[in-house]
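Have a look at these structures, which come just after this line.
In the two assemblies presented below, subunit A is common to both, partnered first by subunit B and then by subunit C.
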Partner chain A sequence: MRFALSDEQRLLAKSVADVLRKHATPADVRAAWSSDVGSAERWAQLADLGVPAMLVPEQHGGLGLSELDMVVVLEQVGRFALPEPVLETAMIVAPLLAASSTPEAAAPLARIVAGEITAAVLFDDARVAANLHGASVVVLARATEGVQWFEPAAGATKARRSVDGARRLGELCAPPTWAPMVTGDRAAELTARARDRAALGAAAELVGLGRAMLDMAVDYAKVREQFGKPIGSFQAVKHHLASAHVALELARPAVLYAAQRTSERAADASRACSLAKAVASDAATGAARASLQCHGAIGYSFEHDLHLWMKRTWALARAHGDAATQRARVAALILDHNEGRS
Partner chain B sequence: MKILVPLKRVADPDNANKIKIAPDGAKIDTTGLEWKPNPFDEYAVEAALRLTENGATPKVRGGEVVVVTFGPKEADTTLRQMLATGADRAVRVDTTDDALDGSLVARALKALVEREKPDLVLMGKQAVDGDSNQVGQILAELLGWPMATFAATLQEEAGALLVGREVDGGVITLRVKLPAVVTVDLRIVAPTSVYSLATARTHKYADGVRFSALPAIMAAKKKPLIEVPLAELSPDTSLRIAYSKFEPPPVRKAGVKVPDVAVLVDKLVNEAKVL
Partner chain C sequence: MDLAYTAAEEAFRAEARAWLEANVPREPWPSGDTREGFALHRTWEKRLHAAGFAAVAWPKKYGGRDASLVEWLMFEEEYYRAGAPQRIAQNGIFLLAPTLFEFGTDEQKDRLLPRMAAADDVWAQAWSEPGAGSDLAGIRSRATRDAAGGGFRLSGQKTWCTRGAFCDWVFGLFRTDPAAERHKGLTYFMVPLSAPGVTVRGVGRLDGDEGFAEVFFDDVWVPDADVIGGVHQGWDVAMATTGSERGLTLRSPGRFTAAAERLVALYRSIHGQGTPVDTRVRDAVARAWIEAEQYRIFTLQTVTDVRDGRGLGAASSVNKIFWSELDVRLHETALDLLGERAELDDDAEAAGWMKGFEFALAGPIYAGTNEIQRNIVAERVLGLPRK
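The block that comes next holds the complex of A and B.
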């Protein structure tokens, strides 16, 4: 087995990075803090690349790529702190709609593939989710009651403040009229897979966020001087940064392994996704802490870009199961000898 | 129009600190280097794509772009990248990176041009590693073709190209009859730099090289990429340039701050002795 990304996957990452470097600058991320809706222009750029269609099978007009390809893209999404809902739309909802194979799903799926709309997902009894206020299609995934969906009309949702102002949380204003999509065992299976993809996708973004914050800290430590020397020359700073680097280096393979197992529908896929989310959450929050320490007071200020990455990290580390929750799930899956969907 | 674009992979300049020299100083140790296409050659591919399409409908090809590189099997990655960008075919001339110089590359390219019979050879003005700026000029001489270097604009005419070259004090425009060899400079990828006969003069391209969409990356796997041994193109593989020794640039000494202009002038006169 070859434990390396393929040439196509590396090119895919480069292509997405090239686009984001141009169209998702720190100034763009900052501007997203003061907007309730996403950038249609930026979403169109992502659609031109084919991002929303990645996990949609070719018979539904998609690209038929795998979760392993998708995490490569999501790592770049995190690296640039992209405000757009790639995780929700392309990683969670699009493959869920495709897998449901129901007539109801066909129209919204086609619009997602075409890059015309974005999506949001609610699990179980949640009323708040990322991109809920602004999504054109919302899926409610519940293991026992089934998978349902609705198209929010004006006033059906409202914006909700988040620690990360660019992530755009939304809340249901009133219980909507959900249309059934899938029920029974199939619904439980699709919901479990969607949960795994949510955790996995967030983990991939966190690795990218962590790497970006570490790069910022290293660059800063090379130029910021104290006692007549760059602060990066002091052991106390070096050790912080080295620890953050090691944690990220260990988290990335966990994410890639989980993505591969998920794409193979392997029995240990759920455990691998939970483990990936746990280690990536810890690695990214650790990188945020180290970067903040190395930046000193300037890192705390709203004016510095670090806080844009740091607050996305805080939000995503807690989204779709924080590290403690995911570790408990890993333990349960191991102890119960139950590698199936929980 | 059929265009041949020679391109070279170079060590990623963003990771230039990873470049090492073998202990005996005989060559550059390429182990572990990250490679990327020479930026000027990427610009040449972009210009070639613009010349073989209508800018308003870029997904419809109106000609053929063949990319060629010299190197080992790993250099296929660079070619696949260009195929994903839009090039139609690729040729890899099988050799090793350190067994080449500008003359040998030009001699082999001449043989390839005679096989492929392109209307135009379009290439970067130089590679950003060796900065030799030789291959285009030598190739044009060997072929006996017209040549224009450092192109900043290209306009297709019937059987010719109008080439704008930025020079000190202005722009020189040359009309070059095809077939020809043209090397490009960085402004060739500006929004209004290149026009094929099919593209309206009012059309504006996005600034820079185009991105590879994900479907194109997947489709690139199926585009033709052939391997040709170097000796098949140039039985004489001798080099005209002999490298005697490599060594890293001297470590730059830390600067000093001077309190005023008088001290600065004193140092320039008495220490640096440049005044």
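The block that comes next holds the complex of A and C.
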């Protein structure tokens, strides 16, 4: 038993952070609010790091890395509030296409691996998803009906606005003729595994977002003075921030554990992903509240960067199953299906 | 990352499980926090010791079996899963012993640890005083040097000593330099409760058991050999002990994962009888189970950190805040499931949960209140200014 990231994984996190620190500054995140498309330049930099190819097996030209490696990257994506569809493209769609073992997957997969295109996914009867308007490949993953992907024709999708202006949402207004590439049990399995990865990836981003918001608040509380001393010296402020820290400290290992179990295809992997999403959603929304409260009015201003992180948090905490939904999944498994500890 | 256990570890778990299945009493025992219950629990400690399970992570020569931290976690999981008796020896084995391993002399270890493992001596903590609770550095009990006698003379009062009315020894801090400021000038002593000048008075706890004691010291002579660490160095020694208490060794995840499984079983039995369960209570059951699992996973990381030489330090406060608050929520949820049955003191199942709830309520208070723990996290982990 060894519960720690490897040296390679720590280095990976650092490499991604180094790139994002330069190319996903708060000013860049803010600029993404007034752009309808992602930054091709930034996506190319992520592709140089191999990010879109991480979960694609080597026989498909990918890097053949694990969900744990991917989660290490997504934590950094969250930390910098990167406004690019890493979760959708690299964590959800690329491994789904690879695992579909269909000839139709080869072309879009190759373009994703090459960093040429990004992707989006609609689960079951959903119509709105991140990156849908602008993605070159859209996957419809329906557990009971099948899995189909297509390149949206002009006018097939339209832009929707998120509270997080950097999160480009889209709606599918003209679905293609239903002609799934995968059906039956295989489709159900692909969909279930993609949903688990979606929840897990969002959880990893949330841990990064939460930590970044807590760091902002701690830095601010050290320098902002009231009553002649730093506000961070007041117990009421300390306790808000300490509680946020505890929640994040306990959420992060849950995310790493779920990633490792997913990569092992362990029996408790799906439950672990739900657990991770539940606790990361709560920890990040709690960190957002604490950070806002400790910033006071400055944190409530549009000029301050906090809201960029906070609004991403509000969106991701509910995306791919909010905390209550994920706890309900865990409840169904442990209370109704007897999947407790052995 | 490697979540697998070795064959040797799994064999250890199987051995512990088999022994516990064969030896754990079928009928629940009276609380170890009563005089009769304590005596019965001492016999259990002796059985554990005879089987080599009293202090599995200790070296063999002191009564342990050189188990690794991972094996210790496994033993704890199996122990609580089996519903084995309360550990009345825990404050010695899990709080004092780590301090002795770090600061004790060979003579002290040889003399004290084997008797501790065998429950020949059962230890109580003596931290708090009437005027010093969360503000531990405010203690006023004194120890005066008796150079001619090769020891010290202790005077003062300690309070909230768990099971102090039944234990054999206490450990705690006494002020050896009255002129020194607060946490300086303190020394860590071990005192047999049979020493002349010691008076022990049992105090009833919230649950009615005589689980607390006040201990009065009236010119009690203690030899130099019963000082741990240097004279006036007691604060640093004590911090090592409180680190153990807040951190890993006092409350292993096994205690909470077992309680969470019992909560799931309670849900099933109530639900299975056709009693409708409110969706919010069902959500709370899931939350409690999730939090216990989170603590289990978090501890795998902690154990790895400790093994790699990264000590817990102030991060042990994170631990303490989390397990103490999850324990309260878990037991509250059980009472919510029981509904009107929860108050029935003559219903064994309900009374067991209520007693567990009452005990859980102490968690955010003992070992340094959670308010103090949050100060520690804020100041020593997040780096916020002390004042």
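Following the convention adopted for this analysis, the second predicted complex is superposed on the first by the 335 of 342 C-alpha atoms of A that agree within 3 Å, B and C clash if a C-alpha of one lies under 4 Å from a C-alpha of the other, contacts with A are read in each partner's own complex, and residues count from 1 in each chain.
Basically, a contact is a pair of C-beta atoms (placed from the backbone, for glycine too) under 8 Å apart; a residue touches a chain by one contact, two chains touch by 3 or more.
This is a predicted model, so every value here is computed, not measured.
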item	value
Partners on subunit A (subunit B, subunit C) - clash or fit	fit
Subunit A-centred angle between subunit C and subunit B, computed on Cα centres after superposition, in steps of 10 °	80
Subunit B versus subunit C as contact partner of A:Leu49, first or second or both or neither	first
First (subunit B), second (subunit C), both or neither touched by A:Ala284	neither
First (subunit B), second (subunit C), both or neither touched by A:Ala242	second
Which of subunit B and subunit C A:Val19 touches, first, second, both or neither	first
Which superposed partner A:Leu65 touches (first subunit B, second subunit C, both, neither)	first
Which partner, subunit B or subunit C, touches more subunit A residues	C
Subunit C versus subunit B - closest C-alpha approach in the superposed model, Å	6
Subunit A-touching residues of subunit B, taken from the complex the two chains share	76-77, 80-81, 84, 208, 211-215, 217-218, 220-221
Contact footprint of subunit B on subunit A as seen in their complex	7-8, 10-12, 14-15, 18-19, 22, 48-51, 53-54, 63, 65
Residues of subunit C defined as touching subunit A within the complex	1-5, 9, 70, 257, 261, 264, 267-268, 271, 282-283, 285-287, 289-290, 293-295, 297-298, 300-301, 303-305, 308, 315, 318, 321-322, 371, 373-375, 377-379, 381-387
Subunit A to subunit C touching residues, read off their complex	1-6, 68, 214, 218, 221-222, 229-230, 232-233, 235, 237-239, 241-243, 245-246, 249-251, 253-254, 256-257, 260-261, 264, 275, 278-279, 324, 327-328, 330-331, 334-335, 340-341
